[in-house]
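In the two assemblies presented below, chain A is common to both, partnered first by chain B and then by chain C.
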Partner chain A sequence: MSRAETSHAAASRAETSRAEATVLRTGRRPQTAAGFLALFRNELHLTFRRLRTKVLLGILAVLPVLIGVVVKLNTDSPHEGGGGPSFIAQTTQNGLFLVFTALAVALPVFLPMTVGVVAGDSVAGEAATGTLRYLLVAPAGRTRLLAAKFTAGLVFCLAATAAVAVAALATGAALFPLGEVTLLSGDTIGLADALLRAVLVAGVVAVSLAGLVAIGLFVSTLTGSGIAAMAATVGLVITVQILDAFPQLDAIRPFLFTHYWLSFSDLLREPMYWDGVLKDLGLQAAYVAVFGSAAWARFTSRDISA
Partner chain B sequence: MIRTRGLTKRFRGGQLAVDGLDLSVPRGSVFGFLGPNGSGKTTTIRMLMGLIAPTSGTATVLGESMPQSVATVLPRVGALIEGPALYGFLSGRDNLVRFDAADPTADPRTRRQRVETALERVGLGAAAGKKARAYSLGMKQRLGLASALLQPRELLVLDEPTNGLDPQGMREIRALVREVAAEGTTVFLSSHLLDEIEQVCTHAAVMSRGRLVVQGTVAELAARAQGRLVVRTPDVARAAEVLAAHRVTGLVPGEERVDGELGGPGDEALPELCAALVAAGVRVHGFGLERGTLEDAFVALTGEGFDVAG
Partner chain C sequence: MTNETVTGDGLDGGVPYRPRRRVLVRAGVPLAVAAVIAAGVGLVPALAADSPPDLPSLTAEQLVAKALGSQTQALSGTVSVTTDLGLPTQLLSGAAGGIGAAAGHGGQDAGSSADPQTKLLGLLGGDRTLRVAVDGPLRQRVDIMENMAGYTVVRNGDQSWAWDSSTNSAVHLTGAAGDRHPKAPLSELPTTPQEAARQFLAASAGTTSVTVAGTANVAGQKAYQLSVKPTQSGSTVAEVRIAVAADNGVPLAVAVKSTDGSTVLDVRFTDVSFAAPAAKTFDFTVPKGAKVTEKKADEVAKDSAAKDGAAAADDAKAHGNENVNVIGEGWTAVVTAQLPGGQVEVPKGDGKHGGRGSVNPQGMIKSLGKPVDGGTLIGTKVVNVLLTDDGRVFAGAVTLPVLQHAAGVN
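Right, the complex of A and B next:
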């Protein structure tokens, strides 16, 4: 083999390996499970690193403390405050009941407000700052991004409910005696059993906000303004609750997503009465399906020009 | 690399943003996409990146049609679209981590390292831990570029990458573009700055009011602009007379200067022309040909000034 041929062969080999390197470097990469899930993890990070999220959770945690202090002061003072939710009277006997009281107070207003803020802003906020276009050209995939947003919304529901429940438990334990719990049905169960029920109730409360997350996500895909989406979602929660208060609207009330929210108190009977809770969960599933699909249909076909 | 056929976008208001665009970007080129603000450049880029759907026509990027093949094409494309957009409450580094996590083909194990490399490459290594809201516009622009460089890319789409940068920053970004292009990445660079295109691009296309005016190599385009003869002299009127007598056309007398098209006689006539001017007593302070620029070509092609918004 002549020298020229050798060097030619070497050159062509070098050429080939360089070409291979280029292909390896820039060619089509496979999608991996870890890569796919990275966005979900990152979305959680993003949600909970935000100052806004921390403030919302902080407010939710302060609420049971306020209730606890007010109840304590009221029972210390001589005159009896009439009426009030049935849980509040029990709270003075057992601090654990503050968990149920706080959840019952937070569920109609405070919890949905915070969830509305987080879910409403999820897509619209990114559209407003322009980060949405960079996520989509990354490419996040529209369905995947929406799923990540929805998951983060659900986790926020859990965190929000936990913030109320844990703060309530701590406050209740500090201000009132803990011990055997007398249920709404009159039966008495041990503290450990009662704690389990508290966890169950908190779980049900968190899941019953799922429908709202889907609604917020849908509203969020409609607009390019985070504030507008948050306001619309929170406004919707309030409107629906007002509608739910009209007996004249009996025909539609069972279909309002807030209608069965307070049915969690049925779990504080012996035996547990699941009827309302199951209806609630079914209704939430229906809302997730309907508004989730609507959000998907809207988001996957929308022009992103922000 | 990029090919469009009759690509058209009409917005809901009825405004025709892009009108029947036939664009062809060769592999390995640095392609300048030129046009005044509002001429449809960004809308075209958004269609190429699958962000908005075309009203009619087709676009293929890396040989696959968009927006259908977004998932397989875009991991191989880095993009900076209409300025950077960042999470102000995250550090520069965490912004990149987020954008990288959005790509399902990106390997989480190499993420940290790729992010650091990209930060170093755009000169943000020292500021990587700072919250992005504290960044200057130039730093944001660099961070946007870094996110386009998180992976080795086959195509880099840069929409006005030097916007908001100081001259030093502009030079650095242009050097970076040349470097990336030298590695074999095709660069699609939109700009309204003609000298930017002339400095870095091999090919260019010019858009005006949603339509493609021309495309080709930068040399071809600049050649379309004829060189003009420029005479600097205090004796403007006398010089114009002499030039007219020597068949120089399109004379424009100005402040202490006359310029015109050399036309027929060509370059060989220059010494003779100069001698004739001197012989006629014209005090010649300067005499020469000004080479055609892309700007002249643009004005010749569109018949409008470059800063006119479409």
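Right, the complex of A and C next:
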């Protein structure tokens, strides 16, 4: 595998903007952090420059606008709380709560769907388009390639959550009053404090999706079809949430990766209640360890023919 | 793990490529990771629940006295409440709606969702986490941490607030409430281990064997285990276990076991501190935009005095039915009442939308229960309710034969 061959492989991936892969062509140097960084930046470009990713983020950003408008239109009509998504009663009092409402609405379906698409497609998509084998010709190493893809997936989780949160904040500020925020425990905190909590909640939500990225990546290494991997990952999210709704399955529910997702609402109490959030983070770490290593085992021992 | 795994491996290394073996070895890695995590999850609680502490032995009397004589005035902590009564869920939500509606009769309709009665009934179904803070007899706070919502009851002197975040509504109770009222929401169901233990200890005279059953660690505190068992036959309660802190006699956990061996109620501190909570814990200011229902203490006292007599007979209670009697005593006491026949007008659902429908209470019970000699039985793990064919209701934590005997069947 000559350098010429390597740069040729990179060039053939120009469509997916892998030009930076040429950085890696100087032998086995990519052992270094710089090598990994180049690979990672490369993955980021690949993910975020795609039209598909932009459309997904756009959909996520429209969702809070939709919720905000609906809540605004309903505020005038006699509406006693209890129905509708969580936090609606608070949203009409303070636009900042639209961030939490939007995240609570997006977390069960929309966020995992977009993450499933990105993570599920990451390896399988490249296998399908035939770019994977060229990528592996470069001395980047499969392990590091997988790590770069996983990290890029995490960055996408952050971006997706941020898209929801920022759009919700803008919509909330435009449609509802801002100011002091009433927490779920009835305590009132200032706007600056509340913004900090919003950032914290968004961070927790993004990290909550880490387990799903690992699962998506693993599924992605199993198949050569991007569509199959995406569908399997998104289908798994839905199946797991259905299982989580059965009280009869109490014994396994705490181990389902979606089980503690909505525990972020415990951070909106005074003082914050971390129990559920910590369990969530621990669970995500366990899923990342298991499915990350499974993806590694599969990807590094797999015969890449496509 | 190292870069041995890069491409070209096996092509130019001169080593025969043995994919199958490598697949097997690699596949072992995630399995090992999963095994380590599973072992960790299984072992850590086992290690945390270390051996029971060594404490000087006490007699049952000494321990009960220690619990009753506890001088601890201030504490705060997290309480987990696990209930598994085996109640039909429709019945639970129906009863909650009925009680909420009944509460609405007394005062204004708005804000009934913040009424403590409705919320506390919700504690009967499933698991809840509460945060509790107490500083003396006049200042208490309970936060029920609901899914994506919160419910708070605060008492500070003669001011009491109940706040429901999901509807942004509050109930404000003012007046020189005696010990009874603002506490009443907490005394009907044991929301704190203290309250629960006190109720069980008070009910134990004569009909009960009380023993000390070893020691345990609860919420990081050394505690004695008090075992309370009914000596009367016919009770569905097998044992009540109360963990009493060795240091200060504060009850830290209460577990109720039924005769079929399952734990029906488990109230325990998962975290507790005996330092006085910060004063601001008990300050409650009305959140912006909240609907506030004002109530005077004496008005509420009157309202619920009518209700208190009929703890078990929800429907009778909701309509101020006076025909409530208690047969027997101790663990095998049976509450009996005449159930109104025919249709009863009740507000639909949670009573908030003003829709009214009619419910036939006898019909409802019959549809939920199973026919037995002399009537219809609704059986749960602890409480059994018998509706006789002539419309009387018998309820108690007793077996069916005891109910039938009380009803004069066979």
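Assume the second predicted complex is superposed on the first by the 264 of 306 C-alpha atoms of A that agree within 3 Å, B and C clash if a C-alpha of one lies under 4 Å from a C-alpha of the other, contacts with A are read in each partner's own complex, and residues count from 1 in each chain.
Heads up, the rule we're going with is that a residue touches a chain if its C-beta (ideal position, glycine included) is under 8 Å from a C-beta of that chain, and two chains touch if they have at least 3 such contacts.
In this text the structure is predicted, and so the values were computed from the model without any measurement.
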{"item": "Partner chain(s) touched by A:90 [first = chain B, second = chain C, both, neither]", "value": "second"}
{"item": "Touched partner set for A:303, first chain B, second chain C, both or neither", "value": "both"}
{"item": "Partner chain(s) touched by A:252 [first = chain B, second = chain C, both, neither]", "value": "neither"}
{"item": "Touching partner for A:137 - first (chain B), second (chain C), both, neither", "value": "both"}
{"item": "Touching partner for A:278 - first (chain B), second (chain C), both, neither", "value": "neither"}
{"item": "Touching partner for A:42 - first (chain B), second (chain C), both, neither", "value": "first"}
{"item": "A:242 touches, of chain B and chain C: first, second, both or neither?", "value": "neither"}
{"item": "Touching partner for A:180 - first (chain B), second (chain C), both, neither", "value": "second"}
{"item": "Touched partner set for A:69, first chain B, second chain C, both or neither", "value": "neither"}
{"item": "Those residues of chain A which chain B touches in one complex and chain C touches in the other", "value": "28, 31, 136-137, 139-141, 301, 303"}
{"item": "Of all residues in chain A, those that touch chain B in their complex", "value": "22, 25-32, 34-36, 38-39, 41-42, 46, 49-51, 129-141, 144-145, 301, 303-305"}
{"item": "Chain C contact footprint on chain A (complex, rising order)", "value": "1, 28, 31, 80-82, 86-87, 89-90, 92-94, 104, 136-137, 139-143, 179-180, 182-186, 188, 247, 262, 265-266, 269, 273, 275, 286, 289-291, 293-294, 296-298, 300-301, 303"}
{"item": "Of all residues in chain B, those that touch chain A in their complex", "value": "46, 49-53, 70-72, 74-77, 79, 81-83, 85-90, 97-109, 111, 144, 147, 152-154, 184-185"}
{"item": "Chain C residues touching chain A - in the complex, by the definition given at the top", "value": "1, 3, 5-8, 19, 22-23, 26-30, 33-34, 37, 78, 110, 113, 126, 129, 131, 143, 145, 147-150, 152, 154, 161, 163, 165-170, 284-285, 287-290, 350, 352-353"}
